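Attaching a single structure in structure tokens format; questions to follow.
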Amino acid sequence: MNDRLNTLEERASARRPLLMVALVAGDPHLDATLDYMGILAEAGVDVVELIVPFSEPAYHGAVLQRAMARAVNEHLDWAQIEEIAAEFRRSYPSVALVVSTYLNRLMVAPTGPILEGLQSAGVDALWIYDLPMEEAAEVDALSESAGLPLVRAVSATTSLERFREIARRAQAPIIWTGHSGGELTLTGQAFEERLRTFGEYTRRPIFASMGVTTGAEAQAVVQAADGVLVGSSVAWLLEGRGPDVKERLRRHVVELRARVDEVAGQG
Amino acid sequence: MGSPACGAFGEFGGRFVAEALWSPLAEVAEVFEEALGDPSFAARVHGWAEQRLGRPTPLSHLGGLSEALGGAQIWLKREDLLSGGSFCGVVALTQALVAVRLGRTELVGETATGDFGVALGQVGLALGLKVRVFMTRDDMAAEPAAVRRMEEMGLALEPVEGPARGRRGAMAEALRYVACGPERAFYVTSSLASPDPYPRMVAFGAEIIGNECARQLRERGVSADYVVAPVGSGGFACGLFGAFVQEGSVPGVQLVGVQSGGDASPTKGAASLVRGRVGVHMGTRSFVLQDELGQVVTPLTDAAGMAMPVVGPQHARWMRTGQVQYVELADAEAYAAVRTLARSEGILACLESGYGLAYALRLAPTLPEDAHVVVGLSGDGSRDLGRLARARGEGASS
Amino acid sequence: MGSPACGAFGEFGGRFVAEALWSPLAEVAEVFEEALGDPSFAARVHGWAEQRLGRPTPLSHLGGLSEALGGAQIWLKREDLLSGGSFCGVVALTQALVAVRLGRTELVGETATGDFGVALGQVGLALGLKVRVFMTRDDMAAEPAAVRRMEEMGLALEPVEGPARGRRGAMAEALRYVACGPERAFYVTSSLASPDPYPRMVAFGAEIIGNECARQLRERGVSADYVVAPVGSGGFACGLFGAFVQEGSVPGVQLVGVQSGGDASPTKGAASLVRGRVGVHMGTRSFVLQDELGQVVTPLTDAAGMAMPVVGPQHARWMRTGQVQYVELADAEAYAAVRTLARSEGILACLESGYGLAYALRLAPTLPEDAHVVVGLSGDGSRDLGRLARARGEGASS
Amino acid sequence: MNDRLNTLEERASARRPLLMVALVAGDPHLDATLDYMGILAEAGVDVVELIVPFSEPAYHGAVLQRAMARAVNEHLDWAQIEEIAAEFRRSYPSVALVVSTYLNRLMVAPTGPILEGLQSAGVDALWIYDLPMEEAAEVDALSESAGLPLVRAVSATTSLERFREIARRAQAPIIWTGHSGGELTLTGQAFEERLRTFGEYTRRPIFASMGVTTGAEAQAVVQAADGVLVGSSVAWLLEGRGPDVKERLRRHVVELRARVDEVAGQG
């Protein structure tokens, strides 16, 4: 496990809530994405999730579907993703970077070298949305030999027994996918209880993706989870664009960061 | 990357889904496997198929057309005779009975042409289940009669917004709905290209068609030399081929899956097995029409049922093993074949079936009179009448 | 005036045609009688019905609806499952095989909804015959899909001008065409109300339906207490009742023919057996909706298949002998029954079938749970979807 | 057989061609019909055919279908038909009058009295279009006892054997229905030969209904038949109406008469 992932674990153990923000690579073009990543880093996110767009984003909601549809037109290949990761890493050596995508995008060429390239570029972990544990054996091996751990997802349908197996394999943060591109699948108390139980079985930080759009919602999430993953509210903000989009992005993330930090040391 | 772990067909298949869907689908797989071991389940499926769906469909010998072509005898497996596509019926039925076995109370599925939505209503309501159908707004506008029919049945119809992507968009929404309430909602699909256990379940339902066909051929004292079927996502063809593909069981029969080559320009069309590459899409590892970056390409073909960028994993395996031969034919040839059949034998097949027919029309004259070519007609052509008239107007093929 | 001499059903029936048609019809009658005595003819009819038309249709038990109604068990004979109305199929088939026996080369018939025209194409082309279909311009405009289908089959479609009188106008033109070339043209009809030998031939084809139903009931160990069917000109009901009407063969079954009472005002509607008087129309002596001068009244009903001012002579006789009970129900009740069936069992019946259904829905709750009511569904409701939606809009019956 | 029918037979034997013209009773109203019948009589027709309209004129062509559709709206009953026949008979005691209709119109009341009423009013024969010989037994008896003979139709589908049986029963003119509301079923030589053969087996005059519209056509018909029946060309003329319709009707019939008479004594 690399230092940046270690740092996340340490912060989580210290009850310092974590913030992960997702961006779609190439929405609207690659240079803008690098700028946006910088804004996130400056505003203090712990992890940037860089979504590599896929034409068939079956497990994303309408906002991220639209963002990916725009980004697909940029025709990004893995060399470009590596470049942007490397560039980001040069400027922000301590902010963790997760690259995420659908499996098919990793099958266009031998997958091992793609993973190695990402690792060398400074990517800390890889999240493949449509690769459940049982189907992951081969990717697990490649991930191990490339030194690029996989982000594992859990959800309301994950049993405790299954969670323990997932946790056992996890070498990187775990993500609670608590809304399925729209509705929340568990709310309030049930969500908190489940997160608490799961938390007892892993040292990896658990980020919860819960369709968060405001600082207050983010704060509520980190009452129960180690961190919050914010995705579509950012894509929605970028979709509006206009001259002051960067400033609005900065303010949104700063607000998320501030409200999340209010929970520090609690719980 | 190599073979999937679950529901594998050689190196193809698998259950490539988000974590939220894994356990619900695993539970479905478990109950389905258990049902397969229970003779009363098969009896229920066959009883309902016969008493409620009107199976078997006939096998028709085309004496006139065969003679006119001057070669092999042409036989049609007549799924066009049952309204709304009987393939949809058996496929919905099998899954609905698994849902009942699991104690689920709501069937949830997607539909593009509306046929599968209607089939879900037919079997779901009969079994006392609620039925929810996801359909994109574009598809709803294109199929007003099917929408009205589902409304009359009182189905919960869910219009899907967002970038119009036909069945795929609706499928994503349906799966997402199921992930939110897996203890009551049961996902049902007509697509062979789907995560495990759906390819197995779709095939189990559709194989009724092939089993009937094999039995009917035996009863008529005929042994087929060729069995030809259209392949979109491939459910119908998989069902028809199922009874013939086992090595040894029917020796000497050549199986041919015919895909749509669209307007015959090489980068378009829907021939996933001819022009696709191995990938993972719609939850399964199979042949996918995609660009060099791994983005899925939307096929361009006039035949609604053929416009699928990914094919069921069974076909991917059969292509690898050589058990089935896959070819593509242009839309114009399918139109011409539909018209030839209508004028010679009074049978109006759907455009989708036209690809298989067109292949048979080419093949038959090259064979002796005692050879037998079976063509699977997957449905009736009412829906394609407008397209046929336009194609004729454009002089595409008359 | 009394009983007809030819093709009599008691005092009903006969061959009341212009002299030009007498000899051609007499020749048809002769060949038909000869065919009846030839076992190979029946075998051919049954072979084609099975292998080409997709018979038998199923008998479905409606467990859910029966339980909800809290009375008798309801069974449906499912002619709705075969596309285009399977009644048309068997009826066209029987007559086409007589035409072949007579050495005729062209089938000539009339169609109102287009279903019978399509059925003529299906069997005629398969038998290598030419097919000519007469249809009024109004009907053609109302049924563009059926017209396109006939065009795709390459049928000779003859638009009938003149005062729009539905099937009757087209029938007159078709008969006139046949009278001009009786050595090659063969008249085919779907109407039980027609000159001899057509009522006999239509019944012979349609009785396949009733015979299947009786056999299916036996196989399920059920003895029907009621058999209910819609009656327009009555071909479908005649076929369904045929197997049950012979005294002694199925004791204790009550047969009920349900006609359309239109909007329930007494002088309108299509209930020829309830409100008509004995007369001669469409070549047969039977009950005719007519005014005091003997002018035929055009029935007003929403159900296309029920709008006939004259009924087949078999029904006239069965009413006289009391073997069948005939009632009328208003259109609104038929709409409501179609909707009830769609929502409870996912089966969309045509409006025509709604009259029989509505009767069964009234009847079942009055009977014990071990009583059995069989309802004949004569076709699928796709064509009525617009009317159903409008009727719901008007709050006619929801 | 009454005198008027006898006269027709005598003329036929003397090779004097006969002319029968049909009118739809009540087209456009009953008084007009009586006027038109008078014009026919004055112009020299041998027989007037008075068509009692029926709502379903299956064996008539489009022109007569339209005429009947108009006339049906007049709601004529048998008493009115008798009246008009009686009126005609008073003015034209020697012109034969045939009433024609479809069977259903004779079934609204006991048929015997209807036939008797027509006979008393001076009608010479009754033609029921849809009553073939085999189905006529009962009507034959009523016709006999009412003294109102039936006109019998024959056609291209009538075999010689069948013709002989029809002729045996005929007590009134026979009508060759040579066109079925549209196309001719036999033309030219075939028609002539058939008529000649049939003529050898009966003394009743045979009128041919062949869709005649002009004097020349009428003349051609009576080369082979004893007489010609003209129907739809008259209905078509009346359909146009206008102020001079009676004069045009008169001229049409005078022309038919003249051309037909040119054939007298030939053949």
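As written, the chains take the letters A, B, C and D, and residue 1 is the first residue of each chain.
The rule is short, and it goes like this: contacts are C-beta pairs under 8 Å (C-beta built on N, C-alpha and C of every residue); 3 or more make two chains touch, one makes a residue touch a chain.
No experiment lies behind these values; they were computed from the predicted model shown.
Student: Roughly how far is subunit B from subunit D, centre to centre by C-alpha average, rounded to an integer in Å?
Tutor: Whole-Å distance between the two chain centres: 66.
Student: With chain centres defined as C-alpha means, what is the inter-centre distance between subunit B and subunit C in Å?
Tutor: 34
Student: Classify the chain contact graph as line, ring, star, complete or other.
Tutor: line
Student: Just spell out which pairs of chains touch, all of them.
Tutor: A-B, B-C, C-D
Student: Which residues of subunit B touch subunit C in the complex?
Tutor: Result: residues 50-54, 57-61, 64, 78, 80-83, 121-126, 128, 131, 145, 148-149, 151-154, 338-339, 342-348, 380-382, 385-386, 388-389 of subunit B touch subunit C.
Student: Which bits of subunit A are touching subunit B when the two form their complex?
Tutor: 54-56, 58-59, 62, 65-66, 69, 72, 75-77, 102-108, 111, 129-135, 137-139, 152-159, 162, 177, 180-183, 185
Student: In their shared complex, at which residues does subunit B touch subunit A?
Tutor: 1-2, 4-6, 14-24, 161-163, 165, 168, 171-172, 175-176, 179-180, 182, 277-283, 288, 290, 292-296
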